[in-house]
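Attaching a single structure in C-alpha cells format; questions to follow.
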Amino acid sequence: MTSLLQVRDLSIAFGRKDPVVRGLDLDLAAGQRLGIIGESGSGKTVTALAIMGLLPDNARVTGSIRLDGTELVGLSDRALSRVRGDRMSMIFQEPMTALDPTMTAGRQVAEAFRLHRDRDAGRARTAVLAMLRAVGFDDAERVADSYPHQLSGGQRQRVVTAMALVNRPGLVICDEPTTALDVTVQATVLRVLDEVLEAVGASCLFISHDLAVVSQLCSDVVVMLNGRVVERGTAEQVFTDPRHPYAAGLVATARLDLLEPGTRLPTVADHVRVP
Amino acid sequence: MTALFEVHGLTRVYTTGRRSVVALEDVSLTVEPGQRLGIVGESGSGKSTLVRLMAGLDRPTSGTVHFGGRPVSGVPERQLGFLRASVQFVFQDPRSSLNPRMRVGDVVAEPLRSPLVRRELGALDQRRRVAEVLDAVGLPADAASRYPHEFSGGQRQRIAIARALAPSPQVLIADEAVSALDVSVRAHVLNLLMALVDDLGLTLLFVSHDLAVVRHVCPDAVVLQGGRIVERGPTQRLFTAPEHPYTARLVAAIPTFRARS
Amino acid sequence: MLARLGIFALSLALASVVIFVITQALPGDVAAVILGHGATAEQLAAKRAELGTDRPFVVQYLDWVFGMATGDFGRSWFSGLPVATLIGPRAEVTISLVVGGLLLALLIALPLGAVAALKRRQWPGFLTSTAAQVGMAVPAFWAGILLVFVFGVTLGWLPPNGYVPIGRDPVAWARHLVLPVTALGVVQAAVLVRYVRSAFLEVLGEDHYRTARSIGWTRWRALARHGVRNAALSLVTVVGLQLAAVIVGAIVIERVFVLPGLGSLLLDMVSQHDLAVVRGIVMLLVLAVLAINALVDVSYVLIDPRLRARESS
Amino acid sequence: MKRAELWIGLVLVAGVVALALLSFVWTPFNPTGVGSAPRLAPPGWPHVLGTDHMGIDTFSRILVGARSALYVGIIAVGIAALVGVPLGILAAWLPRWGAEGMMRAVDVAYAFPALLLAILLAGVFGASTETAMLAIGIATIPAFIRVTRAGALSVLASDYVLAARASGTPVPVIAVRHVLPNIAHLVGVQASVSFAMAILAEAALSYLGLGTPPTVPSWGRMLGDAQTYLFSHPGQAVWPGLAIAGAVLGFNLVGDGLRDFLDPKLQEVS
Amino acid sequence: MAKSEPPIGATRRARRTIGAAVAAMALALTACTGGGAPTTTPAAPDPGATATQQPAETRTLVVGATAEPATLDPTATDAAAGTQALLYNVFETLVRIDAEGHLKPLLAQAWDVSEDRLTYTFKLSPNARFSDGTPVTAEAVAANIDRIQNGTTAPKLKKAMSVVAATAVVDPTTIDITLTRPSVTWLFDMAGAAGIVMNPAGFAAANSETAGSGPLTLGRWLPGDSIVLEKNAQYWGTPARFDEVTFRYFKDPNAMNASMLSGQLDIISNLQAPETLAQFSDTSRFTVIEGSTDAEVTLSINNGATPEGVTPGTGNEALKDVRVRKAITMAIDRQALLDTVWFGKGTLIGSMSVPTDVWYEDLTGTHPYNPEEAKRLLAEAGHPQLTLRLQPAALPYASKAAQFVASQLGAVGITAQVEELQFPARWVDTVLQKADYDLSIVAHVEPRDVVTYANPAYYWRYDNPAVQEAVARADAGTVAEYEAEMRTASRLIAEDAAAVWLFALPNLVVTKTGVTGVPENANSSLAFDVTTIAKA
C-alpha cells in the first residue's frame, strides 16, 4: 500500500553537538494511527518538529521525509508553509500558551482556514463554528468570540485541535497533547480527538511517554530510545509481548494496575543491563 | 495515643483586588503516627494549600492545625522549632527544588543549620550526618562536593529526599514528588521512598493527582475537590467502590490498556 | 480607574516635593546674586520680599504648587517674566525635537530589531547588533557636532543651527530640525534596537508563535501577525522608560544646535541661578514623563485583553 | 556569535583598566604640565597622539583619563548597586501594597534621568566630578531596583526557598544564601551596562561644563575642549572620542555577552 | 547625553497609573504654545545664497554674541550684558563716548561746567523724542536720576550717582545738576548705564519692555536666545540704517562659528576662541578686526582685609605678605600664558589699566617672570610649600588660564587646587559676595576699574590708604590732576602686587565682507553701537 508518510534514514543534529536522532525509519499509511513512545531525550518531539519543518535554523537534518510523495527535507520555508496547516498539522503539549492571548479563539482557527481554503470571512466563520461543534463545544459561538484567557486548559486544547483539523489535513501530529491536562479533562480530550480523527479520516502520529494513553488511540506503536527506534509493532503485540528489554521494562513499570499495592515496583533496570 | 496531626475546619481564602478565591473550605482530618496517607485531587483542588498550612508555611483564614497536640496555625515562627525539626518536604520539580549555586553537601545540610532545628536536635556532626543520608538515598559520598546541575532529574529528587531526612523528621510530606519524573526513573524513586518510610517508621503524606500511584503507595487516602474533602477511606475501596460521584469519575478517567484493531 | 488617578497624583506630588527641596537647597542668597556687589541690607531685604523668598519654606512650596495647578508657574526672579510665557514658546521646540527623535528612532529600530532577532545567526543579525552597539557608544553631542561640521558647514545643505517655528515657515522649520532630530534619533535608535531585538526574541520563543507557523505562516508573516502585537507590550514599556532619556538627550542636542528649547533654557537658568524658572521647567519635564508613562499603562489595557478583564471586573 | 561579543568586550575593558593602572606608574609626559610643547600638534614623535590646545601630551591625558573614567564608573555604579540591590530584594519580599508604593517611587525616580539630576546638583554644589558621579549614581538606582526585584521574585517563588522556609531558615539568611547568589549574574549585567552609561553621562556633563574641573584630565573634558577646534583641528576630537566609544562599547558588549551567555531561554529559540 | 538604561529585556509589567485625565493636561500644555514660537533665525537670506545679495524689502543685521542679558532693564543688575545690545541702540544718555573714548553730545546738545566744577548745565536738543513720541524733557532726565538713586537699581549705579546733590529743571530743555564734590568719573559714568534716560511712563515694566529714545525699539525678546530690535520710524535723529537688528546669543563658541561660516550671521561681536580665527581667513567672505577692550583678565588675590559691614573673607593668611604676592607674580610667565591660553591675541598689562586709558603707563616690567626669585621669596616669607584654592569663573579664557597658572605655580612649590565656579551665579556668590577664595580668575569689563582697589569691601579685600587717597584726589581734581593721580594709583598697586594682571582681552570681531563701521575697540561704555554700522 502506498504510505502517506515515508521517513527514511532521518538524522538530526544541532550545531556541533552529536545527533539527537540517528537513522530513523517510519511508515504511516492513510488513516493509520502510529504511537511514538519514548522518555525525555529520546528524540520523539524533535522528530515531529523535523517532519513539520519547525526546527530552529541551527538544526542539521539529513535523510528523507516524503509526505504523500512530496519530499519535505530541503524544502524552502515558503514552500513548507504552504504544506503546513493544509496537508499536515500539529497539536502541541502546553494548551495554556498555544493560543495568541491578544486574539479571539474563533479568529485564530479561521486564520488556518482562510490561509489555505477560502478567504471569505462568512464561509470561514461557518466552517469554524462547525469544527468547534465537532470538538465538543455546544456553545460554539461563545467560545469563538472569547479570548484564550477566558477558556480552561481542556477547552483551549480542543480549540487547538479544531485549528489543526479544520482543513482536514492528511496527517495530524500530536505531541503529548494531554500530558498537561487533569485526568478527567484528558479523558474528554482524548475521546474528542479519537472521534474527530475518525470523522476526518486523517492519519495520526501520536507522541507520548504514557503507554496507556497511546493504547487508547493508536493501532500501531514504535518505542524510541536515544534517537533510535528499538521496538516496532501493533499496540496489542508491543504492550503484551515486548521483545526489546527497554520496551519490556517500560511496559512493566507502566502496568501499575497489575501490581499488588505496597510491593516493590518493577524497574527498567530489572530488564536491561544498564545501557 | 494522640494523633500526630489534628486539623479542624481549615479554610483558606486568597483575595487579590476585589476578587477572592476559596482555596480550602472547612477541611478536617487527623493523621496517626506511621500512617501513609494519600491526598488526591486535580489541579486547583487545594491539596498543596492543605499540606502547606499543616506545615505552618501559610496562615489559614480560619480553622486550626495541631501537631503532636501543640498548636501550629497562628504561632510566631520563633516558636515553631518543634514543627520544623520533625516535618520535612519533598517538592515536585527537580530543577527548582535545589539551589543551583550551592554544593549538594550544603543543600542537604541546610535544615541542620537552621537555628530552630539546631535548638531541637542539639549538637551533631553535620558532615557525618550528610554522608549518612546521601548513602541512605543511594548516592556516592563525593556527591556532596558537586553541584546540582551535574545530576539527572531522578538523582536530584534523591538529593531532595536526603535533605528532608537530614534532621531525621517524624513526618515526610511528598508534594507531587514523582509527577515530573520519567516513568522509568519514577519507579526507582517510589521504591526508595517506600523503603525509607518503612525502615525509619516515618509518617508519609503523599500528595498527587495520579490515583494509580497513590493506590500503590498509600493504604488510606482522602479525595479533594474544589477545596473540600469529598471522600476518604482505604485507597483500595476508593477504587473498587467509590461513594462520591467525583471519585468515581476520577477512577473512570484513568486511561486503561485496551487493544485496538 | 480611580486608583490609577490617585497613584498618578501621588507620584506627581512626590516629584514636586523632591524638585522644590533640591532647588531650594541651592546655597547663596538669590537677592544678593541679582543685585550684585555692594547691595545694602535693606535693598537685599526689599528684593527678598519682592521675590517672596523670605517667606517660610512650606508657604513658598504650597504657593508654588497651587499656582501650577492654575497654570501659573510663578515669575522669573531675574526678568520678572511669568515662567509660563518663558516656557510656552520653548515647549514647541523641545516637543518637535523629542517627538521627531523618538519617531525616527522607532522607524529605524523596529525593522532592524526584527532583522536582528529573526536572522540572529546569519550575518544581517550580527551586523545590526554590532551597529547598534557602536551607535550606543558614540556620545550624542559628538554625533551632533560631526553632523554640523559635514552637512551644516562643509556641504552647506542644511542650516547648522537655529530654529524657525512651524507656524511661521514649515519648510524652514523642517530644514532646521533635520540634523538635530537625526543626531538624537540615531543614537536613541541604537538603544531601542536592542530592546526590539530582545522583545521579538521573546516572542519567537512563545508557543503561540510556533502554533502560527504550524498552521502555515512563514517566519516573517507569523512575526508580523502574532509577534508585533505581543512584542508591543514590552516595547511600549521601553518607550515610556526611554522617553526621559530622550528628553535629556534633547538638552544636549539643543546646546549643540542652538535650539531655543526647554533644555537650553534650563541650563541657562541654572547658571543664572533663576530657581523659579528651573523649578518650572523640571516640573514640566517630569510631568510629561509621568503623563506619557500613564499613557503607556492605558495602552497596556488596549493591547492585552487579559488586563482588560482585570480592569473592568 | 555570543562568545565573540563577550571576548571583544573583555578585551576592550581590560585595555581601559590597563591604561588606568599604567597611568599610576608612568605617563610619557606630565599630563597636567602646561609645557613648552607646541600646541595642537598632530600625532608624531615624541607626542604619539599629538598635543592639545595647551600643549599637553594627548596620550598622557588619555591614560589619566582612563583612570577618571573608571573612577566615575565604579563610584556611580557602586552607589546605584549598594542602594538599589538591597531595596530591590526588599521590594520583592514586601507584601503587595508595600512593593506597590516602592515601585511608584521608582517610576518617579525614572523621570529624573542622570543628566537632569546632575544639572540640578551642579547648581547646588558646583560642577565637579563628585557631583557628576553622585547624580549618575542616584539616577541609576531605579534600574538596579527593577532588575534585582525581578530576579529576587523568581528566586523567592522557587521550591528551594520554600524548602528553606520549611526548615525554619531565617529570612536574612535566605536573602544572603539563596537570593543573592542567584541574582548576582543579573546585577553583573546591569552593572556593566550602567558603567557604560556613567562614562557617557560624564562626557555629556563635561561638554555642558558641569563635569570634571579642567586640571583633572577626563575624556569628556578633552572632547568638550577639542570640540572648539573641530573645524580648525578635527584630529583633536578623534582620540578622546575613540577612547569613550571604546570603553562604552567594551562594557556594553560584556553586559550583552553575559546576559546572552547566562540566559538559557535565549539560546534554543527557533 | 546620559541614556538612562532601563532593565535589560524589559519584561511585560502590569503597572497601574491613570492615563486619560493626564493626557488631556499634557495636551493642554502643548496647546498653550500656540502663541508665536521663538524665531531665532530671522528671515535671513537662504544661507545657500551668496552673502552680499540683499532681499529688497527688510534690511537686517544679525550680530552673534555670548553674554545675554537676564533682564531688559540695563540698570537692574551689575551684569554688563544688558548694555551691550540696548545702550545707544534703544536707550540714550545725555552724553555718549565715541570709539576713541571721548565724550560727545547725544540727548544733550551742549553742556558746560561751573567754575567750582560742581554744577553741570545740560542743554537738551529740542526735537529729542521717546519712542512713543513724547518729547524728552528736563523733568524726564531728573526723574531718571532720581530713579537711579532711589529706585530698585543696581548698587554700583547708585554709588556712581551718589555724588549728585540736586537736580534743577530750568526749562523743558535745560537742566542743572549739582554735585556734592567735583568728580571727573561722574560725567563718564553718565555716558554709561547710570546715565540712561528712560521714558518715565515705562519705569514699571522696565524688566520686560523697553521705553527708550534711541533709533531702534524692542521687537521680540526670547530670553536666553535672542533679542530682535526694530527700526524706530519717528526717531528724532538720523534714522537707523536697518529695519531689523538681531542679537543672537550662543553658549557654544563652536556653534557661533558654524553660523558665521554658513552665512547666518553678519557680525561676531566678540570671538571667544581666538584659535579658530583661521577659519575666517577667506578675505573674500570675511573681515577680521583685532582691537582691544577694557577687560583686564586678572589672577585676583584675596588680600585679607576685613572692613566692617562686610562678611570677612577666608583668604589664606600668607597672601597678606607682599613677598608671597610678589612670588606668585614672578612665578607666572605672562607672555607664555597669553600665547598658550589666548593664542597670543590680547595685550600684556602690568596693572589694572589698559592702553586706551588716558593715564595708561606700561608697568609689565614690575616683578618680571623669575621662578628662582619666587622660590627664594617664598622661603624668606616662611612658606616654601603652600596650598592655595584657585577658583576661576567657568568661562573659556578663565579655565584655560587656571590650568596654566596651576601648573606654573606648581613649579615654585605652590599647590593650586582648582575648582571652576559657574558664572555668573556661583562665582558672584562665592567670590564676589563672600570673598570665600584664595585666588580667582575673571575678566573685569568695567572701564576705569582701578578705583576698585580703593574700596576695601571689593572682593580683593585690598586696604591701602595711599591708593585710597590717590583715587580720591583724582576724582576731585581737574582732568590733568585726574590723569596724574590715576597713574600713581596704578603704579602703587603694581608694586604692591595686589593682584597678577595677566592680559587684556582682545576685541576680536569677525564681519561679513561689506559690513563697515564696526568700531575696532570695544569702547568703555560697553555698548555695541549699531548706528555707525553699514552693510553694502
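Here the chain labels run A, B, C, D and E in written order, and each chain numbers its own residues starting at 1.
Quick note on the criterion: a contact is a pair of C-beta atoms (placed from the backbone, for glycine too) under 8 Å apart; a residue touches a chain by one contact, two chains touch by 3 or more.
Being a predicted model, the structure only gives us computed values, none of them experimental.
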Field: Third chains touching both chain C and chain B
entry: A, D
Statement: Comparing A-C with D-E, the one with more C-beta contacts is D-E
- line: Relative to chain A, the most remote chain by C-alpha centroid is chain E
- prompt: Using mean CA coordinates as chain centres, what's the chain C-chain E distance in Å?
  reply: 36
Whole-Å gap between the CA centroids of chain A and chain B: 33
- prompt: What whole-Å value do you get for the distance between chain A and chain E if each is reduced to the mean of its CA atoms?
  reply: 85
Chain B and chain D, separation of their C-alpha mean positions in angstrom: 48
- line: Residue numbers in chain E touching two or more further chains are 1-6, 8-9, 11, 15-17, 252, 254, 258, 261, 422, 425-426
Field: Residues of chain C touching at least two other chains
entry: 7, 11, 27, 121, 136, 139-141, 145, 149, 153, 198, 210, 241, 244-245, 248, 251-252, 255, 267, 270-271, 273, 290, 293, 304, 310
- prompt: Of all residues in chain B, which are in touch with two or more distinct other chains?
  reply: none
Message: Under the stated contact criterion, what part of chain B meets chain A in this complex?
response: 42-43, 182-184, 186-188, 190-191, 194, 209-213, 215-217, 219, 235-236, 249-250, 252-261
Message: For the complex, give me every residue of chain D touching chain B.
response: 158-160, 162-170, 177-178, 181-182
Field: chain B partner contacts - residues on chain A that touch it in the complex
entry: 39-40, 182-184, 186-187, 190, 209-213, 215-219, 235-236, 239-240, 249-250, 253-257, 259, 261-262, 264-269
- request: Sort out for me which residues of chain A touch chain C in the complex.
  value: 52, 54, 57-58, 77-78, 81-86, 89-90, 92, 94, 97-103, 108, 111-112, 115-116, 147, 149-150, 160, 163-164
- request: Spell out the residues on chain D that touch chain E in their complex, using ranges where they run on.
  value: 30, 32-34, 36, 39-40, 53-55, 100, 103-104, 107, 110, 113-115, 118, 122-123, 126-128, 136, 139-140, 143, 146-147, 150, 186, 189-190, 193-194, 197, 200-201, 204, 209, 213-215, 227-232, 255, 259, 263
